[in-house]
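In structure tokens below, several structures.
First chain A sits with chain B, and in the next complex the same chain sits with chain C.
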Partner chain A sequence: MMFKPVLLWSDALFFLLLAAALGGVAWAARVEHLRVAWRRVGQSRTGMAAATLLLAFVAVGLLDSLHYRERLPGEKEAYAVEVRSALDALLSGLRTRTEKTYSAPLATHSFAKETLDAEGGGRDFPRLKYGGAHLGDDLAGQGADLLVRTVQGLGIGMVAWLALWLASAPLRRAAPGLAWNAALVTLLALCLVAGPVAALAQGYHVLGTDKVGQDVLYLTLKSIRTGLLIGTLTTLIMLPAAVFLGLLAGYAGGWLDDVIQYVYTTLNSIPGVLLIAAAVLMMQVMIDTHPDWFATSAERADARLLALCAILGITSWTGLCRLLRGETLKLRELEYVQAARALGVSDLRILSRHILPNVMHIVMIAIVMDFSGLVLAEAVLSYVGIGVDPNTISFGTMINTARMELAREPMVWWSLAAAFVFMFALVLAANLFADVVRDAFDPRAAR
Partner chain B sequence: MLAYLIRRLFYALPILIGVNVITFALFFVVNTPDDMARMQLGVKHVTPEAIVKWKAERGYDRPLFWNDAAPGAGRLTQTIFFTKSVKMFALDFGRADDGRDIAREIGLRMGPSLAVAVPVFALGLFAAISFALLLVYFRATYLDFAGVVLCVAMMSISGLFYIIGGQWLVSKVWHLVPISGYAEGLTAAKFIILPVIVSVLAGIGSSARWYRTIFLEETTRDYVRTARAKGLSERLVLFRHVLRNALIPILTGAVVVIPTLFMGSLLIEAFFGIPGLGSYTIDAINAQDFAVVRAMVFIGSALYIVGLLLTDISYTLVDPRIRLQ
Partner chain C sequence: MNLLEVRALSVAIGAARPVDGVAFDLAPGETFALLGESGCGKSLTALALMRLLPAAARIAGGSVRFAGEELCVLPEARMRDVRGGRIGMIFQEPGTSLNPVMTIGAQIGEALRVHGGSAGRERVVELLAAVGIPDAARRAGEYPFQLSGGMKQRAMIAMALAGEPELLIADEPTTALDVTIQAQVLDLLRDLQRQRGMALLLITHDLGIVARMADRIGVMYAGQLVEVAPRAAFFAAPMHPYSRRLFAALPDAAARGQRLVTIPGSVPPLGTQFPGCRFVARCGDAMPVCRREPPPWRTPADGHAVRCHLEAAPAAALSAPGAAPEEKLGAGTAAQLEVRGLQVYFPIRRGVLRRTVGHVRAVDGVDLRLAAGRTLALVGESGCGKTTVGKAILGLLPPTGGGVAFAGAPQRGLAPARMQMVFQDPFNSLNPRLRVGAIVAEGNPAADVAALLEQVGLSADMAGRYPHEFSGGQRQRIAIARALAVRPPLLICDEPTSALDVSVQAQILNLLTDLQARLGLAYLFITHNIAVVDYLAHEVAVMYLGRIVERGTVAEVLRDPRHPYTQALLAAVPRLDGRRERVQVAGDPPSPADPPPGCHFHPRCPRAQARCRTAYPESVAFSATHAVSCFFAA
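Take a look at the complex of A and B:
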């Protein structure tokens, strides 16, 4: 074997989540009212465009979740310590071509002056090791080279889009009437951006390099997985507890209701950031005092990411729990539930067959509505120092390191700008999608 | 009314006790004081003596719940639970790691926090309501659509970027106000104005959109149709009838945050160097000063509970149909 696959806990949960999502789609296709609601999402142009963008992000995140350890050269079967992902392998050029320090997007020379030892001496901007290296000494040709690569990239993007267009034809035939045009236009825009970026990235640092010379484009692509994980796993972790307790409180009433209400009111009254801060501090103590728990640093970072999701989940399940309790209280008194009870159907069966399916839309709306808030929260928490492991690449850590660079003269703006654009695209798509889903599933909305 | 208030206060007590127990469990049961000492003193090279000294300095060297060594009532009071958690109800928070009294420090830092948080609250509410009203006035036009798109776009930008962008543009490029800092008295204005504007901008997207839906829901009511039927102009309907009724959910919804204004904002205060409670908390988190974080959790929860109480009272004040009993 050339490599050894590694399944981090977060990968497993991410795959589980995707499987659950696929299962959910299959289930929704069989249930009439859910199918109608999802169809309404598909008919919305905003919904399809946002979904396409989100799927592109998920694809990157998925590639970045296929982890492995490379086999070291030699007779003995030994594997490298670093855990890489399929995305790392795809972008190995970007990952390995590190410069000494900052360089601007598409630059050929370093951002900072250095004393050169070549004859003539003096201080000048040194030539980058990789950025535009293929140009040799012919720097006048850079403009033409950029143009050629951009045009090539546009061509590649166009071809890729055509291929996707053809490939998606059966899908479009299978579900006519959906807003496929919006999805295709979004896809075209994505291809036309990604093509030139990919073409240029072969010879340049498209988004520049950071303080230690890492390619910013690589960092932003790696950040996507962290953002997605925080946005989805948090909800996944809190979901069972929120649904179970919410239904129980609403259905059982009495002292159980009082206890559950007391628990979530108490948790809710602790300011979120402070509870997270306290919990993360304690988690840090735990991880630091037990270094033997984790085999690799990737595993430690992964554990910390998962713990952060769990902590965020604990602080955010209360809202959903309260909503579900209220809805269950209402459903419990409806005739069909009363009838089921009169016929002697067991409580468990009433809950699972008659109540749970009728609160699923609330759960669905909560999942999509929470996502964007969680992605934003990750950046803030990482900035405050209670977010992901400092070695985990995330939007928060990127912003955190880029922040100090604004004070430099001239300014180092590219890492911040890159984080801004990617984060904005992800959160905006999530917000738009959430709006469409809410409108489609909200029974109060006019039909 | 008074009886209701007293009963509500008694209802708040178990919640506060719950918060206290949760924080206690989080800080002393999940990790032992020994773990915390080892972490703070550096994991590798710690002598047992250093740990004992660290614990003694902070009063963590007692048993958790029951002290057999102490005489009489001391068995209960000479414990970590009593000295660290129960005493919080008497607003005795002990000392921070730098030796200062936490309660005194909180008193000193409340002022700067309020100086930023109160204008942010008032201006933010005013700006969001005005913007939402504008969108509702032009509802179902391109202006409304563009406004909603703007709101969603503004919601999708991380608060960090508002702060960084504001500091860069206003302080660095235009040189209008200092980048960060704080001063007492009237000179504080020049330090406060940028954080206030930035926070209002950062919050306006989501709240204006939320208020817009409240206004729109209100415009479908019967009394609005009546007002239109008797020939009132659209502007009069909107400002005299819809605005007043829609303000009920908006204002009562906003009441809950009023007490928590004391806590200040973590991010804003950290970025703009305002010596309030927010930056105090951040510093404590970074220095891993557990005593301060614990105190802030307790105060924050207490203030939130006060906010819930105020919300209930405000309902009766604005809507005479609701009676508290």
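Take a look at the complex of A and C:
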């Protein structure tokens, strides 16, 4: 074996989530009102475009969740302590071609002057080790080289798109009437951006390098998984509690309702950041005092990531719970629930057959609406230092380091810009998708 | 000269024409009623006149001339002066038409200002007094939530009057109100119209209201006028097959023991293409030509026009196919259901600690007795507690006091196999996420769904469909099938037809009488519709503010009412012959949280005396079955 697969907890949960999503799709295809609603999502051009973009993000996140440890050369069966992912393997070029320090996007020379110890001496911008290394000393040819690579990249992107177009034909035939054109156009745009970037990345640092010379493009791609995990796992963690307690409070009423309301009102009145800060610090202390729990640093960072999800989940279930309680309160008085009670149907069955399916649209909408908020929350929390482990690459940590970079003279802007653009694309796609889902699942929407 | 001339008015929603070529005239001071069932386009017509159509709809053609001025081409700025000024409008829901955060007086003042009148306080109070709001000066400072439904509708009328309109459009103005309040509001409208010489365009589905109010009538069906006639001619001899069936579908005492005439099927969906007559699919008199050619307007008598191929209306009165169901199988006299002193109080909680500070006495000592295979109607206005009685008997609500006995044995809590309920709103009584088959088998998974569906007049293959594919009447049938699945000997029907159109109501009433004859069911029929009671019930109990005030057989209570409230209730029901009776009650029903001392009815009772204010009258028996709670029942 050349490597040993590693399943981090967050990977397991992420896969579980994907499996659940696939199962959900299969289930929705059989239940009419869900099928109709999702069809409406599919018929929306915005919805399909946003979904395509989100799927691209998910694909990157998925690649980045297939973790393994490489086997060390030698007779003995030993594995590297570093845990890598399939994405790392794909991007090994980007990962290993680290410079000494900052360099601007597509630069051939370092961003900072250094004392050169070569014969000339003095201070100058040193030549980068990798950025544009293939040019040799022919720096005048850089413009032409960039152009050639861009054109090649566009060609590759086009070919890739055509391949995808052909590959998706059966899918399109299976579900006619959906806004496939929007999806294809989005895909084309993606391919036409990704192609040149990939082509250029072979010889340059497309988005520059950071303080320790890491490629920023690599960092942003790695950040995607963190963002996705925070956005989805948090919801997964809080969902059962929110749904269960919300339905219970609304349906049972009485003292149960009072207790549940009391709990969420109390939780809600504690400032979320304080609660999160306290919990994260406690978690940090615990992790630090028990280094023996974790075999690798990746596992430690992963534990902290999960802890953050859990804490965010604990502070964010109240909104959905409150919504569900209100809706259940309303549904409980509806005549079909009364009729079911008169027929002697058990409470559990009423909840599962009559109430849950009729609040599902709220749950659905809450999941997609919360996602972007959580991605942003991670960035903010990491920025103030109570988010993910500092070693975990995330949008938040990138922005955190950008704080110092912006204060430099001249300014180092590309880390922040890269993080911003990627996060913006992710959140925008999620928000647009959420809007479409909300419209499609809104019971008042026209049939 | 006509005040309003509507010619070939059409409204389009996409490709569909919910209003198609409507034409009528309205003279000053005249009342024209647009009559039709839901979805016939009558409300859209009114909105089109005012150019207030919803965003999806637009006027597709035709002309609306108001006092010689063409409204369809008027610039929006000028239209604003007409709207609310020379043409006033009142809507069905007074609750949603008033701004909840402004006082009544401020809203009327605003309407006055917009139309250039003096917005002085005296003028506001004067208007409120004109619409019969007592203590107008104080009421002007109140917010809509402090007013009852009837008062809100009066305030709406006052607002519409602020612009001194020449034409008042009233869209189902009393549908949301109780009959006694409805009578008051209708009288008010009539008086105002007389005083001010206003023309009134009345939009309604209720033939009784038409008989009481209208000078001329236009019947609408599927977006078109099908018959226009003066009131007398219309009520004496309606000509269009649809109008004739509407009359025949009305339940009343004369139809007792017979099946009602129904109009099969339901209103064609929006966007249907009609090569011929729009009514052809439901018309019993249809001829081959009806399918091919749209019928022309014919005027068999002066001012009486009808859109039908039929040369002359058939002389024979309509009667329903099929014999009247046999009177009762196993109808006994032994009480099957016995309710004794039933009380249901709801606590009123206040403050942080939610302490109970009082009770709403929704049901306050009700006795009922119902024999197997019989129908007992529980009659009352909204808020009198009749639905609460039904739910408490069923066990959905815990009684505060008293008890229910079924077939001699006391019963606590739910008893699914003994009694079931059919609810009012067919759109909320079926879970939209379940297929019909699952809904029907809800209480009894072993039930034969196909047989049950056929029993209620649906086809067995409908089991695989979802509720939203069905019309209101079909949904009500599904709800009945669901209740019958557990074979209960007693059905509690809570206003099962009040959300349905007349023609569909007749279908459901026929179904209920059939089922009673075939299965020997007993019905506790909760309703406010006296005509339905007259048609269907054997015994009647009249409820007012949580208590039964009069009980007896249908003949005793409806023909010979003794309690002043029953008398007022019956007098308030609009009658088809347009005759109006004098006995009317003023004011609104009081709140059950704070019932008046003594006889609950005394603040509104025309016969009240000092004694009535201190003591609640005992029930007085007039016959073995007829009992009345009144000191002065005669």
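Operating definition for what follows: the second predicted complex is superposed on the first by the 444 of 447 C-alpha atoms of A that agree within 3 Å, B and C clash if a C-alpha of one lies under 4 Å from a C-alpha of the other, contacts with A are read in each partner's own complex, and residues count from 1 in each chain.
Operating definition for what follows: a residue touches a chain if its C-beta (ideal position, glycine included) is under 8 Å from a C-beta of that chain, and two chains touch if they have at least 3 such contacts.
Only a predicted model underlies this, so the values are computations on that prediction, with no experimental measurement involved.
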Contacts of A:W27 with chain B and chain C, given as first, second, both or neither: neither
Touched partner set for A:H354, first chain B, second chain C, both or neither: second
Partner chain(s) touched by A:V273 [first = chain B, second = chain C, both, neither]: first
Between chain B and chain C, more extensive residue contact with chain A: B
First (chain B), second (chain C), both or neither touched by A:L416: first
Contacts of A:L334 with chain B and chain C, given as first, second, both or neither: second
Touching partner for A:W293 - first (chain B), second (chain C), both, neither: neither
Touched partner set for A:Q284, first chain B, second chain C, both or neither: first
Which of chain B and chain C A:W9 touches, first, second, both or neither: neither
Partner chain in contact with A:A342 - chain B first, chain C second, else both or neither: second
Set of chain A residues, in rising order, touched by both chain B and chain C: none
Partner chain A, residues of chain C touching it in the complex: 391, 394-396, 414, 416, 420-421, 423-425, 428-434, 439, 442-444, 466, 468, 479, 482-483, 486
Complex contacts: residues of chain A adjacent to chain C: 31-33, 334-336, 338-345, 353-354, 357-358, 447
Residue ranges of chain A touching chain B (in the complex, touch as defined): 262-263, 265-267, 269-271, 273-275, 277-279, 281-282, 284-286, 288-289, 291, 372, 376, 379-380, 383-386, 395, 399, 403, 406, 411, 416, 420, 423-424, 427-428, 431-432, 435
For the chain B and chain A complex, residues of the former touching the latter: 14-15, 18-19, 22-23, 26-27, 30-31, 35-36, 38-39, 43, 152-153, 155-161, 164, 167-168, 172, 260, 263, 266-267, 270, 281-282, 285-286, 288, 290, 293-294, 296-297, 300-301, 304-305, 308
